[in-house]
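Read from first to last, the chains carry the letters A, B, C and D; within each, the first residue is number 1.
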Amino acid sequence: MAMPEWLRRRRNKHETTEDAAQWTKCPKCGEVLYRKDLAANLSVCPKCHYHFRMHAFDRVSMIIDSDFNEIGNEVVPGDPLKWTDTKSYPDKLAAAREKSQLTEGVVCGFGTIAGHAVALAVMDFNFRGGTMGTVVGERIAMLLEEARKRKVPCIIFTASGGARMEEGMLALMQMAKVTAAVSRFMGDGNFFLTVLTDPTTGGVSASFAFQGDIIIGEARAMIGFAGRRVIEQTIRQKLPDNFQTAEFLLEKGHIDMVVERSHMKETLARLLDYTAKKAPVAV
Amino acid sequence: MNVIVEREKKLLELEKTITDLRSAAATQPSLSTAIEALQDEYKKIQRDVFGSMTPWQKVNMSRHPERPTSSDYIARLETFDQLHGDRHFRDDPAVTGGLAKLGERSVMVIAQQRGRDTKENLKLNFGMVTPEGYRKVKRLIDLASRLGIPVVTFVDTKGADPGIGSEERAQSEAIAQCLYSLTVARVPIVATVVGEGGSGGALALAIADHVMMLEHSTYSVASPEGCAAILWGDAAKAEEAASHLKLTSQDLLGFGIIDEIIPEPLGGAHRDAPALIATTLQKIEEALARLSALSAEDLVEERYRKYRRIGAWQVERQTAVAISG
Amino acid sequence: MAMPEWLRRRRNKHETTEDAAQWTKCPKCGEVLYRKDLAANLSVCPKCHYHFRMHAFDRVSMIIDSDFNEIGNEVVPGDPLKWTDTKSYPDKLAAAREKSQLTEGVVCGFGTIAGHAVALAVMDFNFRGGTMGTVVGERIAMLLEEARKRKVPCIIFTASGGARMEEGMLALMQMAKVTAAVSRFMGDGNFFLTVLTDPTTGGVSASFAFQGDIIIGEARAMIGFAGRRVIEQTIRQKLPDNFQTAEFLLEKGHIDMVVERSHMKETLARLLDYTAKKAPVAV
Amino acid sequence: MNVIVEREKKLLELEKTITDLRSAAATQPSLSTAIEALQDEYKKIQRDVFGSMTPWQKVNMSRHPERPTSSDYIARLETFDQLHGDRHFRDDPAVTGGLAKLGERSVMVIAQQRGRDTKENLKLNFGMVTPEGYRKVKRLIDLASRLGIPVVTFVDTKGADPGIGSEERAQSEAIAQCLYSLTVARVPIVATVVGEGGSGGALALAIADHVMMLEHSTYSVASPEGCAAILWGDAAKAEEAASHLKLTSQDLLGFGIIDEIIPEPLGGAHRDAPALIATTLQKIEEALARLSALSAEDLVEERYRKYRRIGAWQVERQTAVAISG
């Protein structure tokens, strides 16, 4: 993927100012990795297969054949609660924007996967922990409405720490908004697929993540309703390591399949192919 | 410690003094002036204490142990036939559902159940619903939609159960499917938050054509304790979180998230539960009467538009970025 | 209920020839009961509330306001497998007919319950253990088709040991036949209610019994897929007493409610009242 | 003891002798006459043994440990992407389901899995499906119907799991809901009994527009052992029960319960599995090609009529009895 110009500029600047940032350490096996090599390997540790969290644009680039026509990027957050704690909410947003090089926690648009036209939303944990506020809900709802008009399948990659506190109940209501858009989209017979990446929890998990026709868990992703810490505090004991992993959920019957990142695109391509309507069906 | 229960104590003592004096006044008429003075003081304190509560005080009011629970509302319906179970695994007592008559009207009632004492709370899992409870909710919404019976919900939960078993049995999926069913139900839905409306676990009963809150109920994206823990790693800062979260009925009416506030008696719902419950049921009936005039298609369409609108965002002037690989 | 003439004649004859049959013993508490008193008490032991299995006509009489217009009674079994073991299948059927005073294992018809028109099917364990053969399936399917035409709710009281061996796969196929009739009936928005009485197992349990909008278990009825004996043989240990009782199933979430026989009619009346369409609904 | 495996032994020995002699014949051409004689004998015995099997022999053939299992058919599909789980509780390995390409066609494959050895059988619960397995089946049928993808099932089970856990988690409801979904699915359904079709546990995958059986498969209202236990209190009388139950493919074609028989090689499916599987898949494709010409409404209507007809009854001339209370 050729990076969009503004993104390339920011990244270059970042890399120049802070050389150490060119290297990172695998949190699982400790291997020190050169960021560019890591990116070339889909952000998967070449030694232990640990799946690093991915930037939304890298994810888009990994999945989409070539052109991606983004929608909703102009929709940006307000400050409805006039929230200020250690910082004001607008200041937090500005910092998140700088850090993530994104205008909000989800990137939405249209493209093709192995030639199949799709609507694609990719959430990004780098933007305030992938929390869902108004803009995440609004952009995804816009995407689903447009996908419904175009009668193309919709795929959402989720990554979320839950609802965004600083938008209060307006954030919670995005669960309702997106669900309404999902049910209307699916009600017309369209195919809805979700890919749950690390981590998918809270209000995102308890709404559109688990409304897909097919639900894929990315290998080793942490997926659950309540966070691990909350549960451990409640039950006052440590949880087993595999608890809430994609593999655990597969065994418990919650998700359709676990897919390694390196096989993600080809798997999506096959699933889109199965469900593609070749010709108008007699109804 | 419930701050409202604490603040109430002095009033309750005063109340008892007045009652005692009244009995004595039967034989000692001279006491009547003293009684009047005490009554004035009582009203003054009551206004001071309850006239304008802080968000944190409202949180405590919504959790008041004597606050009427869903079962008190259900007890006042003409008839009620409870329907149990998720058809698969368990009947979760933290959700009560069933067919009922509200006036002349058949309704499907779905209510979260908080306990009033430790024993009840243990049985009801402190009002935290498990996946089986949400699957019962979904089943009853779908059944009501199929049979053309309006849905009436009562919301009162700290939040969905965060236990190991609930994770193992797909709590997320259970809530997600309730939400889905609520958005497609072809019947009127009226939801009332009667106590604490905690997060997604409350929303699973509260996507509705008409959403009401009792005046001193709260409805929040997360419990103040949870919010404080998430943002500042310190659950003890709950009072501060409450002040930020805009979780009162007045706030939420302003955001268009709820449609109506049911006034509570001064001092809270439990100070005159029968009247409050009667008012609540009457307001539900009125809402149903209005909504019943709409066709199923219009109901679903209006519900869609209502939730489609909610939020606060702005549009930044810039060209959409095109990414090419 | 005034008994139909032929039924009254048969019963009188039976009672005259065998005086001892006028008395029966409660299998639970051992109380010796006069049959007529027992019948007057809806076949519930006045001492311990044990629910005796009920004759289909007594059940109809207990539930229906007054007139009951039976359908399907003219449909009677064939002998498709030419089955003979210790007796021929036709001989077994003749004996069952004599013993049960029924032409087959289900009685179907139309009547009213507290003024609500309903289609009613009542299975009877006295006819070859309530087994479902062709005729049980055919009669219930006829009832559902007629109820669909009349747009009235349908209530089925189940009691069955499972599929009838002597009709082989033709018996198993009745699960498919009745299910097809149920889904077509329900697909038109009609209300379908099942009451599971003692015992409800096998192919009846695993088809229309568990397809009701509302499923009632009669108090203390044994309800399950596999018979208790089969499970005990498989696991080689004794099962707890309450296993597979209606009360057990309520706790496990399988059925909507447990109803004592003495409250059955009033409960059905209320449920019919809730679901009755008062006026044409705008759709 | 499998009576077919026993009968096969002599043939397998003879086969080995012939193979050995053939190797020897390379250097000793005089052996060719002996080989021919043995081959004639082999064919004669084979016809004797397999030419006309009793129902009990067919039961044993359908349970033959080397008989191709569903996974052998799935392995021959162009692509297969397995879809797991009931979304609530567990993924039951005794049912395999997923999207596949059969030739050019997308299909939803749903297959019961029998194990081939003790280890596999323990994992697969001896092919006895639990409620979660049936809920996966129902989910995939509904999904296929929603997406307009035909359903292809492979049936091979002794029957549904009769364990405590399965009863506790509503085995009856799970099967009943599969049946329901099959009757309303708006896509072609083709079912093939490849081994043992045991009772309601098999029917849950076999209400179909086109039902096929492998020639020596069996499909029965109850296992012969179960039937004997029910009727005569003696599971050992299974062979007798088998003779009554009319459980062979020929019997069932006669009753109109199945639509087509897939011939097996002499000696059974395992004697030439690749050819048999190819034939089976081809017949499924042919059936789908025919059924795809029908609209969804016509498919459901035809399926209704098909099952509505099945049975054997007569009409007794008598006036319907009127009961009045």
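Just so it is clear, a contact is a pair of C-beta atoms (placed from the backbone, for glycine too) under 8 Å apart; a residue touches a chain by one contact, two chains touch by 3 or more.
Nothing here was measured: the structure is a model prediction, and the numbers come from that model.
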item	value
Required steps from chain A to chain C (each step between touching chains, minimum)	2
Pair joined by more contacting C-beta pairs (C-D or B-C)	C-D
Distance-maximising chain from chain A - centres being C-alpha averages	C
Centre-to-centre distance between chain B and chain A (centres being mean Cα positions), rounded to whole Å	32
Approximate Å spacing (C-alpha centroids) for the pair chain A, chain D	43
Residue numbers of chain B (touch at least two other chains)	87-89, 169-170, 173
Touching two or more other chains - residues of chain A	210, 252-254
Chain-level touch network, classified as line, ring, star, complete or other	other
All pairs of touching chains, each written as two labels joined by a dash	A-B, A-D, B-C, B-D, C-D
Chain A to chain D touching residues, read off their complex	186, 189, 191, 210, 213-214, 250-257, 267, 270-271, 273-277, 281-283
Interfacial residue positions of chain A with respect to chain B in the complex	1-4, 6-7, 57, 60-61, 64-71, 73-81, 83, 85, 103, 109, 134-135, 137-138, 141, 162-163, 165-177, 179-184, 187, 202-203, 205-211, 223-226, 230-231, 234-235, 239, 243-244, 249, 252-254
Chain D contact footprint on chain B (complex, rising order)	87-89, 131, 135, 169-170, 173-174
Chain B - residues contacting chain A, complex	160, 162-164, 166-173, 175-177, 179-180, 182-184, 199-200, 203-204, 207, 219-222, 226-227, 230-232, 240-241, 244-247, 251-252, 255, 257, 303-304, 307-308, 310-318, 320-325
Interface residues, chain B side, partner chain C - complex	79, 81-92, 99-101, 106, 132, 136, 143, 146-149, 294-297
